[in-house]
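Two complexes follow with chain A in common, the first pairing it with chain B and the second with chain C.
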Partner chain A sequence: MFYYLSLSAALFAAGMYGVFARRNFPAKIIALFIMLQAVLVNLAAFNKYVQGEDPTGVIFVFFILLVLVCQVFCLVFVFNHWRRQSHEQADDSLSLLK
Partner chain B sequence: MADSSVGILFWIIAIVSITAAISAVTLKKAVGAIGALAVNFLAIAGIFVYLDFVSLSIFYFLVVGGAMFTLFFPFIQKFDSTNEAVSFESHQKIGRYIFMAILVFVGSLYLIAHTEVWQYANEARLITLSKVLDTIKTGFEAPFLFTITFLFLLLLIITTRQKPKVA
Partner chain C sequence: MNPAEHFFKFSMLAPELSLLAVTAILIGVDLFRIKMNHALTGYFVLTGIVFAGALVIVTGLGSVDGYHFINDSSSRFFKLLFLLAAFLTTAIDMSFSDEQSNAGDYRYPLILMSVVSLMFLSMAASLVSIFITLEFALIPLVILVTFVSSSKELGKMPQRLYVIMALSSIFILFGFSFLYGLSGSVGLLMMKLQIAVVHITQRQIGVIILLAIIATLAGLLIKSGLIPFNSWMKEAQQNLPISITTYLSVAIVIGVVAAFAKIFINGLFAFHGPEMNPNDWGRLVGFVAFINIVFGTVQFLKQKEIMSMIHYSNIVQIGFILTGLTSMNELGLKSAGFFLAAYLFAMTGIYGVMALLRQNSNVTMLEDLKGLSKSSLLVSVVMAAYLMSLAGLPVLAGFVAKYSIIDAALETAAFDKVYHWMYLLAGAGVFSAVIIFFKYSKLSLSMFRKSETAAVPLNMPIPLMLVFAITSAGTLFFGIFPDRLLQLAAQIPQAFGFMAE
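Moving on to the complex of A and B:
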């Protein structure tokens, strides 16, 4: 279990570095994704070595993944909305120039 | 603490996963970073298989793969690799240092796992350099040690080498 926790800690550290060091929004999302993966590995390892046959940790991982999917769709919706709005503003400014 | 359940496959997956994560965080181009993230995602799915959670691994592969594709497809489509506006800031130097730190960390873990140093620490016995050297000699064979040292030095040279500036 020590190895899984070490791997998880290394992944989490890499993700945290990305979240703090990057200014680009997609890069921050990628770093957050890596941190989430570290948490999932931690949960699975604890489930195997501490809980044994009881699948509580794995069920947690399933729910976290479902929440992740919902968040991704919200993000895509927000991106699309933001892009559409910025396009409309650009069109307005062009027509004003005309 | 030579855990027999953790084999060489785990180390391969772990090193691939960590290297891909560091690449995803430090790479300059957006498309390259997303590719590295995909490699990291596959390695994590492998870790789940290694932990005997095959159904979780399949679910993870389908759900997270689909989510990643949905989220990053517009970026891949929109951001061409030659487009400078979408290049991430360069953190190559820091990335190299982190890579070296990870190498040292993994190497020391491997060393601890295959020697009796962990046992000494567990039993609060006095650890001397000669004892550590003895355990290294008995735990490893000379060609293996030579190969590991050579590969480590090669990686050190490759990662810390400065590129010549073109005038």
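Moving on to the complex of A and C:
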């Protein structure tokens, strides 16, 4: 399980770096998806090593993917809006978290 | 399963289903291109919300599906708050329809969908259901903001909102994944018991709990726009149309507080108290509340722009609510519930006044409010009442809210030597209350002073009058007779298993 958790931590850190470092909207979205992968790896690993036969963790993963589908629909909508706007302007959404 | 039993459980969702029916009708009307009067649509939505509220009161309590959703007494209280917030938001929106006409006829269905999710959130009893309902409460809002931004000059607001919402959700999920890993369960009740057992038997894995607590708390703080993640909320409050701002800073914030209460007070009940160091979430949340109250008050004093001032005032108010929740006693939870209701009345009222002023004149700075009574005495009086309620003037609801929160913090502090740090939190609360009181008193008095600027005629639409009537009546009534609301708010500690002393 140590290896899975390390992989998850590495993915989460890489994703977080991407979200904070990149100023482009699509790049930020890719980084966010990498962070989400870290969560899914975590849940799957815990399900296998802690729960054994009980599939609760995997069901949780499926629910997250279900929400993700809705998020992607929302993203397409937001993305269209982004495309209509000037492409030259850099996205600095995370500077708002200061 | 017995079909009758199944039906009985299904009937517990009557308020949510009725609101979904209203949403479906609105979408159907739009789909078949039936022209409906804007005011008529608005009144139809208001009627639907009132009907759902009546159903909330008559619907029985119990488990909806046996695991993920439990309709307990605290859910009923939160549902009523969400419905009231939705009602007032819709009424404000109806008053100034052209403000966001580009959102088409989708804004009411989107707000209703978000409210239904928040109502489900109030019943959520597992990590899965909390995550899903919180997400589905925010997705319609991001879509609504994108609709509004297509013609208004909102720049990159939808992208920012999307990135911030997704980031906060991932933080929350990361925390949830560890909570699931430690407890082996996603149900809050099982998690509460099993995490405590794991902690007692294997103390060395406690640090993972700290990681889970920090990740979940960070996600919730980002979602509710508290310090240190408040900049996005400030920008949203300054730029978005008032009705969306009202919904975002009232309904969504109450939703996040409900999620916080469920995860921390219910799920992580065992990890509160200095004996759990370094995994004590009480001190961590207490620290966050302290930072929000102190820095929020300092920033509040510096502001010259009305919406920025309201933003920092909100932060301080939520800091108070966190103080009540951190107290972890019956009075604290009850007071936090009362505070949420008082906050809802005062904030929606203030946003209503701001919407009216924005529509009729270019009021943005604090000095623009000077001599407001010349334009409309009624508006000045209600605005002064909301401000003084937030400031904590006796006879208004805000006073009872602040007093009982500080009382609860002192009760916990006096309980044991190890909780003496709560005195600091209570002291910060008193310090902040005094400073806010002086600034809001000055502002309220300035509205009744003579000014050289010409009076602006304020045309008050009927739905906005309704907003002022409800919010000012709530602020005054619950200030004079707080017992009724306190009794209702007492359902929160009751649902979490806290006994009255």
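FYI, the second predicted complex is superposed on the first by the 80 of 98 C-alpha atoms of A that agree within 3 Å, B and C clash if a C-alpha of one lies under 4 Å from a C-alpha of the other, contacts with A are read in each partner's own complex, and residues count from 1 in each chain.
By definition in this document, contacts are C-beta pairs under 8 Å (C-beta built on N, C-alpha and C of every residue); 3 or more make two chains touch, one makes a residue touch a chain.
The shown structure was predicted, so the numbers you read here are calculated from the model rather than taken from an experiment.
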Looking at the overlay, what does A:Val67 touch: chain B (first), chain C (second), both, or neither?
second
If you stack the two complexes on chain A, which partner ends up touching A:Thr56: first (chain B), second (chain C), both, or neither?
second
Have a look at where A:Lys28 lands relative to chain B and chain C in the superposition and call it first, second, both or neither.
second
If we overlay the two complexes on their shared chain A, which of chain B and chain C does A:Val76 touch? Say first, second, both or neither.
first
In the superposed arrangement, which partner chain does A:Tyr3 touch: chain B (first), chain C (second), both, or neither?
first
Now for A:Leu11: first (chain B), second (chain C), both, or neither, which partner does it touch?
first
Common ground on chain A, meaning residues reached by chain C in one complex and by chain B in the other:
15, 29, 45, 66, 75
Parts of chain A lying in touch with chain C, wherever the complex brings them together
12, 15, 19, 25, 28-29, 32, 35-36, 38-39, 42-43, 45-46, 50-51, 54, 56-57, 59-60, 63-64, 66-67, 70-71, 74-75, 77-78, 81-82, 84-85, 89, 91, 93-98
Seen from chain C, its contact residues with chain A in the complex are 127-128, 131-132, 135-136, 139, 142-143, 146, 149-150, 155-156, 158-160, 162-164, 166-167, 170, 173-174, 176-178, 180-181, 184-186, 222, 228-229, 231-232, 235
Residues of chain B touching chain A in their complex?
1, 3, 6, 10, 14, 17-18, 21-22, 24-25, 30, 33-34, 37, 40-41, 44, 47-48, 51-53, 56, 59-60, 63-64, 66-68, 70-72, 74-75, 88-89, 91, 94, 98, 102, 105, 109, 113
Name, in rising order, each residue of chain A that touches chain B in their complex.
2-4, 6-7, 10-11, 14-15, 17-18, 21-24, 26-27, 29-31, 33-34, 37, 40-41, 44-45, 47-48, 58, 61-62, 65-66, 68-69, 72-73, 75-76, 79
